[in-house]
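Structure record follows, encoded as structure tokens.
Residue numbering begins at 1 within each chain, and the chains themselves are lettered A, B and C in the order written.
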Amino acid sequence: MSTGDTHAEAQEPAATATVPHHQVVAFVLMVAFFTAAPFFVYPVFLMKALCFGLFACAFGLLIGYVGLLSFGHAAFLGTAGYVTAHAAKVWGWSPELAIAAGTALAGALGLVVGALAIRSRGIYFANITLAFAQMIYFFCVQVPFTHGEDGIQAVPRGTLLGLLDLHTETAMYFAVLAIFVAGLLLIYRTIHSPFGQVLKAIRENEPRAISLGYRADRYKLLAFVLSAALSGLAGGTKALVFQLASLTDVHWTMSGEVVLMTLLGGLGTVFGPVVGALIMVTLEHYLAQLGAWITIVQGAIFVVCVLTFRRGVVGEVARLLKKPL
Amino acid sequence: MFFGVPAQALFGQLLIGLINGSFYAMLSLGLSVIFGLLNIINFNHGALYMMGAFVAYFLLQWAGLGYWWALLIAPIVIGLVGVVLERTMLKRLYHLDHLYGLLLTFGLALVIQGAFRHAFGSSGLPYTIPGELAGGRNLGFMFLPNYRAWVIVCSLVVCFGTWYVIERTKLGSYLRAATENPTLVRAFGVNVPRMITLTYGFGVALAALAGVLAAPIYQVNPLMGADLIIVVFAVVVIGGLGSIMGSIVTGFALGIIEGLTKVFYPEASNTVIFVIMAVVLLVRPAGLFGRER
Amino acid sequence: MSLTCILVVLTALGLTAGPASAQISDGLVKIGVLNDQSSLYADLTGQGSVVAARMAVEDYGAAQKGLKVEIIFADHQNKADVGSNIARQWFDAEKVDVIVDVPNSAVALAVNQITRERGKAFLVSGAATSDLTGKACSPNTIHWTYDTWALANGTGTAIVKTGGDTWFFLTADYAFGHALERDTEAVVLKNGGKVLGKVRHPLNTADFSSFLLQAQASKAKIIGLANAGGDTTNAIKQGAEFGIVRGGQNFAGLLVFLTDVHGLGLQTAQGLIFTESFYWDSNDKTRAFAKRFAERNRGIHPTMIHAGVYAAVTHYLKAVEALKADDGTKVITRMKEMPTDDPLFGKGTIRPDGRKVHAMYLFEVKKPAESKAPWDYYKLRATIPAEQAFRPLDQGDCTLVKK
């Protein structure tokens, strides 16, 4: 999003590079919640929320801190999923290597797409990312190893680091939780670092940042690659959780969903995407019986959020607390 | 023979590409007109196109009014729907980033498509070609259904008619001026908000007209606009957001290119437009005929 | 307590309220109907399958026999991930004993795997892939109604034998379409026919005009449609526009359902030739069923998939009653041991690889003038006896079949 208009509404992350106290509290609470939850709630449902939460956070990094709305982020989620699934099933790699492969590929893809897309901004940037995502989608449809509509099924979860058998839901859950926390910490560290400060400067006033000697394009590209890689991490993990990699994860509607999650949770906030993802996953779960209603509700949420609720859930909460979240 | 393909097949495909291009042109024209004046990327264009086809279907089922009535009534009805949408929702977003408009219309598209899918399923409802346009003529290299020829003619007329109005008439000049500098135009006493509303209604009516034209060919189906919108989006972007002639020319051209791809490498027929879009955006970010905003 | 905290706790409480239908006792047979409720297969499976399952439970007299049966349903939206998620949730958290229907081969394969891992039961009516009784065969799955081999064999053989010996394929470019094309081509060639050309189209293509042009140019007598749902109906509709049938060529729909014909209308669909395992107007029993079914299903008559759900659930309940248990693997084994008998498919058997065997029928769509009542759409062209209708037991690569 370009400077000025939207950010007057969104939250301003802390000016200093030290970590604000309340954000630590929120983080700890979130981790505590997710640690206790699988004993009350079906773990696979929670794992879905965690994977999408990570994906949404990775996406949110790009829009919130770089100001670029990518309409093609599903490409990274989905291709990483395919690579991880293939590595685990066909090459027999252990889960951590398979996920790493997926993440690495997503990062590489992000480098290619980003290098070409970064030159534009605003709506044109969204267009380019959409175009590339569509190409990647059709590539995934054609190429034999993805098995097109069938997807890659029966992906073995394997044994993590040779120690932990991931076939039990509990073991898998805590592995996913660890990955999620690691991903989030990485994002958090990125934001509250000198690199993050430069990104913010670029978002606020790019010409000025350039005049100060910062190579804006490089910073933006690096952020894009990071966002893509973390999306890939989410995608690879998801492929192991569900033991399936399918076209759904590369379709443009998935790109739309992650935008919705981030918007609903709060653009420009740290915890917003997680909350948004959790809400969306819960909604989809409860509305699963009603088929088309899911689409209607998602659309309605989009409309309501854009018209009256632009700060999103966490954004509103943060405004009430008068602290950035 | 051209490139190993008999001339017959080639020309046949070109003609078909032209027909598809007619739809792309009409839809991207509406999108372009709307973006030009409102700076809104109207993502629910596909859903409104679908609603136009449904209006035609309802008119036939419930009121016994046939195709020719539908051609007239559907655009008006959907145009009014568009006016209501603009007045109630879109108006509030003009002061914000374009992208919010995109998100809102994306949300509206989901709601509309979901509602229709819920009510009508997705098998598609039949709509027969009107008797006057049934049949076809044998052109030697292919059998051209009359209805498809009609689609090309109708589309050309509508597109160039719109272009003429916008580029060559006084009303059009007000529109173009308002695009450049709404405040100044307002100062001259022109009711800019009303013009914006009517423009949106008109752009949307064009989509509905395309929907009626499509109904006899593509089956009336709640999802008929869903994947089409992405393609039309690409067409508009290639032609240049806001450029009327750009959308028209690009629409027809891309229809033809897609047709050619179907002959030589059918699996890529879905992708070719996006590849072109990516290339164009990298070389000329504002599109072939557009100006960067 | 900060607001975030409250929010978090509230969400946690909301989630702990648990997923939709709760139940837990094991004196309950829980049947889950999983299919497409909202998109391109909704009419041919969808709520109709739920109705069929309910009718099966009622007709079986479960209540009178003291068997408690509950039916739930969900929409897999034709996505393997959604479907497998629901299946997992149903088996793990909601104590569902058997999943029924599942159109869309990709979803069915995923559910097949999940069912096997958990030792539950899976009765497939909707999906087509013959791999379910081949490479992917499982002791927990029975494949009812039809499969790609039967379709290819039925339609292909019969058409070639009745004069349609030159073919052009219009194939949906994904696994199901490829399989159907491959199987049908093999059959055509085996029966002395020739394939003059093929073209692949992307899934969910709106416009077939260019592909139809190629089909016309090939001058093949038969245009084989190796696709389904909206792709099939679109191809046919546009074929009518281009005068395919009038020009002397015929379409062979390799996967067509009653509801597709209904959607197309007889004017457009007339002359279409395809294979199905059930038609509501075949005999008095099927007619009686169709009448009751239509009353409960908004007037829509049963497709072969609905019939398959009814028959499968009926047979399942018989096995459960005989065993007095609902352990998935055991029930499936029992179902294979018992011959089947129901008003819709008559008598039949289930093979060791999980394939339910019955006759297949070659139908042709009537001309508008030949149809005397709503839904009176088909005329019977040929019957393929059960022994010939499905892939021979030893050709499937199924590990359950002893060589």
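Following the convention adopted for this analysis, a residue touches a chain if its C-beta (ideal position, glycine included) is under 8 Å from a C-beta of that chain, and two chains touch if they have at least 3 such contacts.
Since this is a predicted model, take the numbers as computed values, not measurements.
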| item | value |
| --- | --- |
| Partner chains that chain B and chain C have in common | A |
| Centroid comparison with chain A (C-alpha atoms), farthest chain | C |
| Centroid spacing, where centroids are CA-atom means, of chain A and chain C in whole angstrom | 37 |
| Centre-of-Cα separation between chain B and chain A, whole angstrom | 33 |
| For chain C, residues that touch 2 or more chains besides their own | 38, 42, 173, 202 |
| Residues of chain A whose C-beta touches two or more other chains | 138, 142, 291-292 |
| Residues within chain B bordering two or more other chains | 117-118, 267, 270 |
| Residue numbers on chain B that touch chain C, as the complex places them | 6, 8-9, 12-13, 16-17, 19-20, 117-118, 121-126, 128-129, 136, 142-143, 145, 147-148, 217-219, 221, 223-224, 227-228, 259, 262-263, 266-267, 269-270 |
| Chain B-facing residues of chain C, complex | 38-40, 42-44, 46, 173, 199-202, 204, 206-207, 209-211, 213-214, 216-217, 229-230, 233-234, 237-238, 241-243, 247, 259-260, 263-265, 267-268 |
| Residues of chain A that touch chain C when the two form their complex | 22, 25-26, 29-30, 33, 36-37, 40-42, 44-45, 48, 138, 141-142, 147-151, 153-154, 169, 242-244, 246, 248-249, 271, 275, 278, 282, 285-286, 288-292, 313-314, 317, 320-321, 325 |
| List of chain A residues in touch with chain B within their complex | 1-2, 5-6, 69, 116, 119-120, 122-124, 126-128, 130-132, 134-135, 138-139, 142, 252, 256, 259, 263, 291-303, 305-307, 310 |
| Sites on chain C touched by chain A in the complex | 2-5, 7-8, 11-12, 14-16, 18-20, 37-38, 42, 73-75, 77, 79-82, 84-86, 88-89, 92-93, 105-106, 109-110, 113, 173-176, 202-203 |
